[in-house]
Amino acid sequence: MRSQSLRTRRSLLDLNDLSGPELEYIFERTAAFEKKLPKRDMLSGIAVLNLFFEHSTRTITSFTLAEKRLGADVISLSPRDTSLAKGETIEDSAITLAAMGVNVIVVRHSEPGFPDRLALAFDGHVINAGDGPRAHPTQALLDIYTLREEFGSLKDRNIAIVGDIVHSRVAHSNIEGLKGLGAHITLVGPPRFLPDSFAGEGVRIERDLDKALPESDAIILLRIQRERFSDGPQSISDEEYVRDYRLDGQRLAKLKEQTIVLHPGPYNRGMELADDVLIYAGWRYAKQVRHGVYVRMALLDFLVNGNRRSR
Amino acid sequence: MRSQSLRTRRSLLDLNDLSGPELEYIFERTAAFEKKLPKRDMLSGIAVLNLFFEHSTRTITSFTLAEKRLGADVISLSPRDTSLAKGETIEDSAITLAAMGVNVIVVRHSEPGFPDRLALAFDGHVINAGDGPRAHPTQALLDIYTLREEFGSLKDRNIAIVGDIVHSRVAHSNIEGLKGLGAHITLVGPPRFLPDSFAGEGVRIERDLDKALPESDAIILLRIQRERFSDGPQSISDEEYVRDYRLDGQRLAKLKEQTIVLHPGPYNRGMELADDVLIYAGWRYAKQVRHGVYVRMALLDFLVNGNRRSR
Amino acid sequence: MRSQSLRTRRSLLDLNDLSGPELEYIFERTAAFEKKLPKRDMLSGIAVLNLFFEHSTRTITSFTLAEKRLGADVISLSPRDTSLAKGETIEDSAITLAAMGVNVIVVRHSEPGFPDRLALAFDGHVINAGDGPRAHPTQALLDIYTLREEFGSLKDRNIAIVGDIVHSRVAHSNIEGLKGLGAHITLVGPPRFLPDSFAGEGVRIERDLDKALPESDAIILLRIQRERFSDGPQSISDEEYVRDYRLDGQRLAKLKEQTIVLHPGPYNRGMELADDVLIYAGWRYAKQVRHGVYVRMALLDFLVNGNRRSR
């Protein structure tokens, strides 16, 4: 039994808000939606507010497409439009928005835990679209969906997550989700991006990318989030990073034949990957992006309408 | 007979653009919409442009929900998107937007009278969503609707408006509207926020909040609009304001049992109100916000489609 | 046969992406749409992204109205919302947006050729809504539509384009389009705005506006784009420009009776035109703006659905 069961049934703040069967249900619906778009009435009369305090192109576009395809009333406010910051607490804003008839808030904010604060006060559904370095659960959902499409079960699969782990909300949400599904996770990166404390049950640390490559079934590359850190004693130069951690043609040659490569985007050509990756047969980026819209449709339907099968 | 009758039938620039019977009609429709949402075709084929030159969350969200629920084509431009300011007059922009097929413009601007200038040139409907400190008629509409729901007639009811009157467009529109409906208005605040000149027929000034409390049927609290003034000789410190004018538990105890408290939002906890107010049985904030969407639906329908009863 | 036929059939980057018969088809559809709005399902299920890196009011409003009237799913991102610039190339963004299911991108950017780069990578339709001083083909489409409505054929008509030619994407696209339809083009302006190199087949240069006026069937005035140039040796003061090139009452009197005047907007009263022009019987600005929405509808339908007649 999870705590906060009422709230977690209504909102997605981090991936562990979803139970195993709930995850299964959402993935089934995703697959069904990919096969055939549903009628545009699943969210009819439902008002969805996209409240992005950080810039976004891909995530807000993906959510908006998902919302419109389900027939929701969509309102998008960007950071500079909002007057939220001026004297009013987010809790009071939540009360206001619920009173107004907003049913779902999709929120991105640089402050870890901001979506949780919103969800505690908001009488409706909150979806975390990224809170600083903490979590980005819909990205993890689409990553896991993409991996499962490839492998079926993730039990005992070796997944390497490479790069700037510590600043990556995607990594945090993925580690959580993949562990729960029985995958073996190898985190790869220099100490600056990957403190030893990240090791744990089902999660090991490997400093040498070249050792991790041959044994991996899937590799999730991460973007170096220069905007989230300052240089420190353990800092690593771009040149060192490229030399030790960039995935390029030489390193691709060390992979098993079926290994696939994922990236949450946006990717920096030349930094975490070389152009070779973009034409590698196992590069799954476009599939991830495509799945993202359908996963978000399935999630919205699940949060608002519940599990239709169980009714 | 009012002057500018043609224009005022088409636009809402200040509350006195609506006659008594028109107000009645809009409130009837509001109540009907709250009971049962209308079909989404009342504004079908109607293009509504939300043109907000000042930041807003609650007002633009409320208008957008109202517009979408009536089936309008909604376009929202925020201050930084627009190129209006560059060399072109607002009058010329109005000509352009009308030629394009925009039917309704909902406008917020820091300059008093800006919506009037727009309305004179625009061949369509203009709704003032706030012009600097001057007017905010849809907020007054929802405040009055909330008061009437509580009291039925407002004739001879005592309404206190407390705080930063001089910088408040909400106060200005409410004074106008409530006077017209026969309420007795007491304005409460220090000289810095409430010059003696505000007194007039049906409107008296009271410097001592504690005297005004026991005789009030309703209290409208206002936000201190620090952004609209600089410190002057009559300035009042936050500490003084809190001591003399903040509504808190002690002051709530002085109210009659049925007294209700309103606030246009966003409210500043600790400044014009203490947390006690938020759990006071007569606190009507959430109702105001809820009514706001339906009042705006009724207004849009009235401006575009006219009084359906009289046809 | 044109080169890049596949791409040009799918996108509109400059006016010469459209053949003569394609232009005819689009204009026929425009006229049909003006007579009777089509059902709102021509773009149903089609996702259109308005990606404006430069400020815009009129163009984005016009496109949005066109898109909504055809039933598209519309997403608009303004420059500050997007994270495109951060480390990701526009080519990679194009891949992402296509994978997501975006079908059409309407793009405005200050960099000439930016829409072309986008179109090369994007598996969908790109419409150039202005790329720096280079091209603005939908403005040219609506200008030409307006001229044809007036004159029928443009063969051997004398069209004067007056003002800041060199910085005007509208001028560039119009010159191209009008030449193709057999019009005689006279470019009028001082050397600073109109280098001698602009002369060519079907295009002559005239420095003296007063000489050009009596022989012109139509005059296209341009806005002085002060934001696009710095003062140089050939610079011209506002006073000189007004004296030599502003269209005012005295100059209007030199026109033939049927001469019409166009302007892409926004116009600067007092600079390129005096208030007299706004009440001149041949002033076609409002018609241009009105046609703009229908031309964009016809274009969107053509790009997405092709020539329905030929199927």
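Order of writing sets the chain letters: A, B and C. Residues in each chain are counted from 1.
Basically, a residue touches a chain if its C-beta (ideal position, glycine included) is under 8 Å from a C-beta of that chain, and two chains touch if they have at least 3 such contacts.
These numbers were taken from a predicted model, which means no experiment stands behind them.
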Self-check item: Fitting chain A to chain B on CA atoms, where both chains share a sequence, rotation angle to nearest 5 degrees
Solution: 120
Exercise. Please decide if copies chain B and chain C contact each other with the same set of residue positions, more than half shared, or with different positions, and reply same or different.
Key: different
Quiz item: In whole angstrom, how far does the Cα centroid of chain B sit from the Cα centroid of chain C?
Solution: 41
Quiz item: For chain A, what residues touch not just one other chain but two or more?
Solution: 78, 80
Quiz prompt | chain A partner contacts - residues on chain B that touch it in the complex | solution = 37, 52, 55-58, 60-62, 64-65, 68-69, 78, 80, 223, 227, 265-269, 271, 285-287, 289-290, 292-293
Quiz item: In their shared complex, at which residues does chain A touch chain B?
Solution: 45, 47, 49, 73, 75, 77-78, 80-84, 86-89, 92-93, 95-97, 99-102
